[in-house]
Amino acid sequence: MDILVTGTVLGGTYALIALGLTLQYGVARIMNLANGENLVLACFCAFWLYTAASINPILGILIIAPAAFALNWAIYVFAMKPLVDRAKNRGQLEIDSILATFGLMFIMQGVMLLVFGGQYFSYNFLSEPVRILGENYGLNRIVSLGAATLIAIALYVFLYRTRFGTAVRAVSVSPQSASLVAIDVPRMSAFAFALGGGLTAAGGSLLSTYYTFNSSMGVIFTMKALIIVIMGGVGDVRGAVLAALLLGLAETAVASLIDPGLTLAATYTLFILVLLFRPQGIFGRQTA
Amino acid sequence: MNSAPLLSVEKVRKAFGGLVAVNDVDFTVKQSELIGLIGPNGSGKTTMMNLISGALKPTSGTVRLAGEVISDMPAHRIAQRGVARTFQLVRILPSLSAIENVIAGAVFGHVRAWGDDAYREAEVLLERVGLGGRGNVPTGSMTYIDQKRLELARALASNPRLLLLDEWLAGLNPSELKIGIELIRDLREDGRTIIMVEHVMDAIRSLCDRCVVMSSGVKIADGSVHDVLSQPEVVSAYLGTEDA
Amino acid sequence: MERRTLIKTFAASLLASAVLAGPAMAEGTIKIGASAPKTGPLAGGAAVTYWPAVQLWVNDVNERGGIDVGGEKMKVELIEYDDRTSNEEAIKNIQRMATVDKVDFIIPPYGTGINLATAPLIAKYGYPHIAVTAVADGIEGFTERWPNSFWTLGTSEAMASSLVDVLTKMREAGQINEKVAVVNVADAFGIELANTGKPKLKEAGFDIVYETSYPLQQQDFAPIISGAKDAGPDTFIAFSYPGDTFGLTKQATITDLPVKAYYVGVATAFPAFAQANGAAANGVMGVGGVNAASEAYQDFAKREVEVTGVAPDYWASPVQYASLEVLEQAITKAGSLDKAAVIEALGSETFETIMGEWKFEDNIIKKFWTVGQWQDGVFHGIASTGVGGEFEPIVKSGWN
Amino acid sequence: MSLMNEKEQRIAAIALMLFGAAAMIPFADDGYYLSLCVNIVMYAVLCTAWTLFSGPTHYISLATAAFFGIGTYSVGLGIDTLPFPLLVAIAAVASGVLAGLVGVATLRLSGVYFVIFTLGLAELVRQVVTWLQVKFLGSVGLYVFTDMTEKHIFWMLLALAAVVYITGWLVNRSRLGFALRIIGNDETVARHVGIDVARAKVILFMISGAFIGITGAILAPRFAYVEPPSAFNPVISFQVVIMALLGGTGRLWAPLLGVIPFTILFDRISASFPNHTSLLIGVAFMAIVYFLPRGVMGLIDDFRARHAKSRHAAAGVPEAAE
């Protein structure tokens, strides 16, 4: 029972990290290696808002997410669009975007180093315990889990219940066909990339309430996010959430029942198994 | 002629999810026979070709080549057993020269050659399909029929026991078509065993010994070209809901 | 920071580095090279412990007019490189400092692995190698292999056994019982401490009721803390690295881990630890420590914040600074920039540092801090190998 | 077909001269420039070995760190008991076998799935190695103390580079190499002309993995101290991909065109701007991606094509005859 709750809470964290990337990669077709830096940047902003302006990090999302949306829109239009336009095929774009976002990752890291330095940062927000089923959990984690759930539901409703969202999904399935039914694919891609960035930033501000972070930490998050996105099926919000939960549960179970030394090994084993047996993702459909 | 069939297709079925593309089809092809596999669009002809060449695995049923079960083999093994094919949409290897495209067929297939032997053989084949002396031309600048010729030369390079031509004549203009038909007739006269999927009825009439007709995944007729084309099921399949 | 100012700062610092990189050198300066991570996994630690101490020292020395070399005051010119937490890069940097920049002295890198990887080169070029942020067993073997190397921060063996001594005293005073939980990070530091600590605990009559190791970059500590909690110990020991030190403590706070002694590893002595944990930090023990009440340390801490804007930690920062003071005094005592003479002086002389009096015995500082504890917002040293000025340990009472 | 045609003989002679010249470097400088050259040769070997597999198959492997680390560990674990050359051989076999297993397991994956899989694999291997070490050796650090210095390592790497190039050349003129060119063009056709696509890829991946493992083994003495974070450093995987792609993957020697300028460029950046390394490397990187879309090799090819075109035009030769 304990494992279930702990695993879910951890899974919630992972979902926060991965939701943004699944949109960026699934719809805009950019495997954004700088995603983790985006997250850490949001952590710093939340930290700064909280300590300098005493703005509650949950409310801070209302500032940080739109700012990240704008920033990522700009990144897409100025940095990614030229690559999309010149790529002859999907493979070419994949390689180009890996290279370009790798560069972007360094740039963002460099800027954060200049502005914030390399030290660890952390602050106290809602770090009191709450009791669930006889065990204590950090209130900040539970609140983040709640916020993550809300964000995921909102995203789901948007993607699956609105016209605009359906158009976004259409681009994710097939950009060529989408453009045939009068969907403005470039704009939609830019929108998805920006939205992904905004989501990641929202995740970052929530994460900052209970994580200790520094300028060089983005890569760790990017790797986790990539794993979750691939496991869940590229561009699939439900899949990403499910994969995140699965990973959280698996890690907790292995750590509690087998050996904490094998948690990361468990992550990668699970990931590799999913890749081998359901390469299209948990919810993905086999293409003929 | 009464020897065992070279190819026998036995109760072969292929389902994509709920859609049954090939539904328990049986037929055989004898040594040195040229048969036509015809039917309206979407009737499962190309799927059938893919099942024989190993590009797809049948859901059930077996395919035998000279008695040996090949339907559980991967495509490259089937190719090594002596099945060669062309593709519905021509597939040239763009970064290889024309002659290398032909050599590609000779190196790994049924009859293997390498080095100078393969090169000489490939030159002969290019000559044969009418591309003599153009071995070093970049394939990108070739015309459509030349690409088709090249693909045929590649298929022939392994000296296959069974040759699968998937709409090889499609998209050719009338004069090219005449050349194409002549080329296939030549092959037949060499004693090659060939299955051709074709929409060009003139070609079927003038080339094929026998015809297998498919409609909606089911074999509806099998026999000499003349007999088959006058059967009412065939006529309605063609003239009914779908038009060829 | 406003965008414009950011760009300005950036441009200015580019210009500055370009100028620094230029060949024009003032007469009578001592060139000192430093290579350590500014990026990569170890950058977070180096940004607290290494770089600020180095900058402060250079600033202090130059403010004093320079280092006294045989009567002449020579200013220090610092040449910095980022090793990106990579061995290849670090080796290349050392080579560049030695053969291209031809620096007079080298401030050795940050981290055990990179210190060892660069030790052969530093020895080859005859520089004194005063290692600070390298804690490993077998230091005696290193000083034999590299007689130019000096080790200042102590050994993992001493850190672990000293901790056991502190706990034994607490048990004898009736403050804790004999049940302990021991966990460690699966990295060189954590494993070495656990390997020495566990047998010592048993020897001292403790009963290890829960033990495990976990990998670097572990992100969730709930299973470990609840596992420990279920075993019901009075004492929780984690030989941990920065990320896990924070993670474990946050989890312990939330779970309200009912222990009377709580110990975590690297980064407990970071100011960020108190920031992150607030009142919960009180009573937390950790590796390291310093004579935080001493005027020398407080003065150092104040100046470091003033000069670099970064608060020092309560363990390796002052040692890093002290190692540079030692270098400075050794140069003065040798009366020249001759490396061999400086090494000679380092090995034989006694030095005055912010850490007190330092004398190398067989190239090793044998008096060092081993355990510290957060008491009322300050991380006081509570155990050492004879430095003096230790505070009495307090019992951890709750997490609020 | 003769052993080598005239052009190949010419190339071989030039290559021999270059290798000879390179082997003299340690006599010219034993300090920083030698270390820089060690890094260059190291990345040249890694990138070329990587390109052996990834060039023709277009699979982007991020498993370099896994093979490299296994090589390093083979030496770290055995240096006290076995002779160094034997350890290098063990490294080659161990990483080759790992590559084989990965290859067999990942045949169904393509594109980005393979990329992420290999990344995950490197991390998995690192975690498992760490865990095993902790569990059974009781430490994670291994000391590799030898008498080898930078120049010995440089010579060994240089020799390895020669072996890699010769292997690459032999592969290219073999059936395997031809099969790979076909696979790179069109896998479906490859299968239908009788190529065991899976086997060809696995063999090549094993060759590539073994070379990377050997590189790790040779470099182990350089670092004296071996631990998982440095041996299985994922940065190596990324750097190899990037340098190789920047050079170009179409030809055996193309990665070298990425390795040399970029090792030097990155070195210049970190030497002159130690506080802005990340930022400037990032900027340099993006600039390269935008302005050199097909790598240095692409640039050279474009130049050649233009040159050839003008020559043909002048001589009135139709372009098709090129």
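The chains carry the letters A, B, C and D, assigned in the order they are written, with residues numbered from 1 in each.
Assume a contact is a pair of C-beta atoms (placed from the backbone, for glycine too) under 8 Å apart; a residue touches a chain by one contact, two chains touch by 3 or more.
Worth saying up front: this structure is predicted, and the values here are computed from it rather than measured.
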item: Each chain counted as touching chain A and chain B at once; value: D
item: Chain occupying the middle, per Cα centroid; value: D
item: Centroid-based (C-alpha) most distant chain relative to chain B; value: C
item: Inter-chain centre distance, chain C versus chain D - centres from mean C-alpha coordinates, in Å; value: 37
item: CA centroid of chain A to CA centroid of chain D, Å; value: 32
item: Inter-centroid spacing, chain C versus chain B (mean Cα positions, whole Å); value: 74
item: Whole-Å separation of chain centres (CA-atom averages), chain B against chain D; value: 42
item: Interface hub residues of chain D, defined as touching at least two other chains; value: 127, 130-131, 134, 275-279
item: Of all residues in chain B, the ones touching two or more other chains; value: none
item: Junction residues of chain A - those touching two or more other chains; value: 109, 111, 113-114, 259, 261, 264-265
item: Touching pairs - complete list by chain label; value: A-C, A-D, B-D, C-D
item: Residues of chain B touching chain D in the complex; value: 53-55, 74-77, 79-80, 84-85, 87, 91, 93-96, 100, 103-105, 107-110, 114-116, 136-138, 141, 154, 158
item: Interfacial residue positions of chain C with respect to chain D in the complex; value: 10, 13-14, 17-18, 21, 38-41, 80-82, 84, 86-89, 91-93, 95-96, 98-100, 112-113, 116-117, 119-120, 124, 136, 145, 186-188, 191-192, 195, 213, 215-216
item: List of chain A residues in touch with chain C within their complex; value: 2-3, 6, 9-10, 13, 109, 111, 113-115, 117-124, 127-129, 135-138, 141, 210, 212, 214-217, 220, 248, 251-252, 255-256, 259-261, 263-265
item: Complex contact set, residues of chain A against chain D; value: 31, 79, 82-83, 86, 90-91, 94-96, 98-100, 102-111, 113-114, 219, 223, 226-227, 230, 234, 259, 261-262, 264-265, 268-269, 271-272, 275-276, 279
item: Chain C residues within the chain A interface of the complex; value: 1, 6, 9-10, 13, 38-41, 43-44, 46-48, 51, 183, 186, 212-215, 217-220, 222-224, 226-227, 242-243, 246-247, 250-251, 253-256, 267, 270, 272, 275-278, 280, 309-310
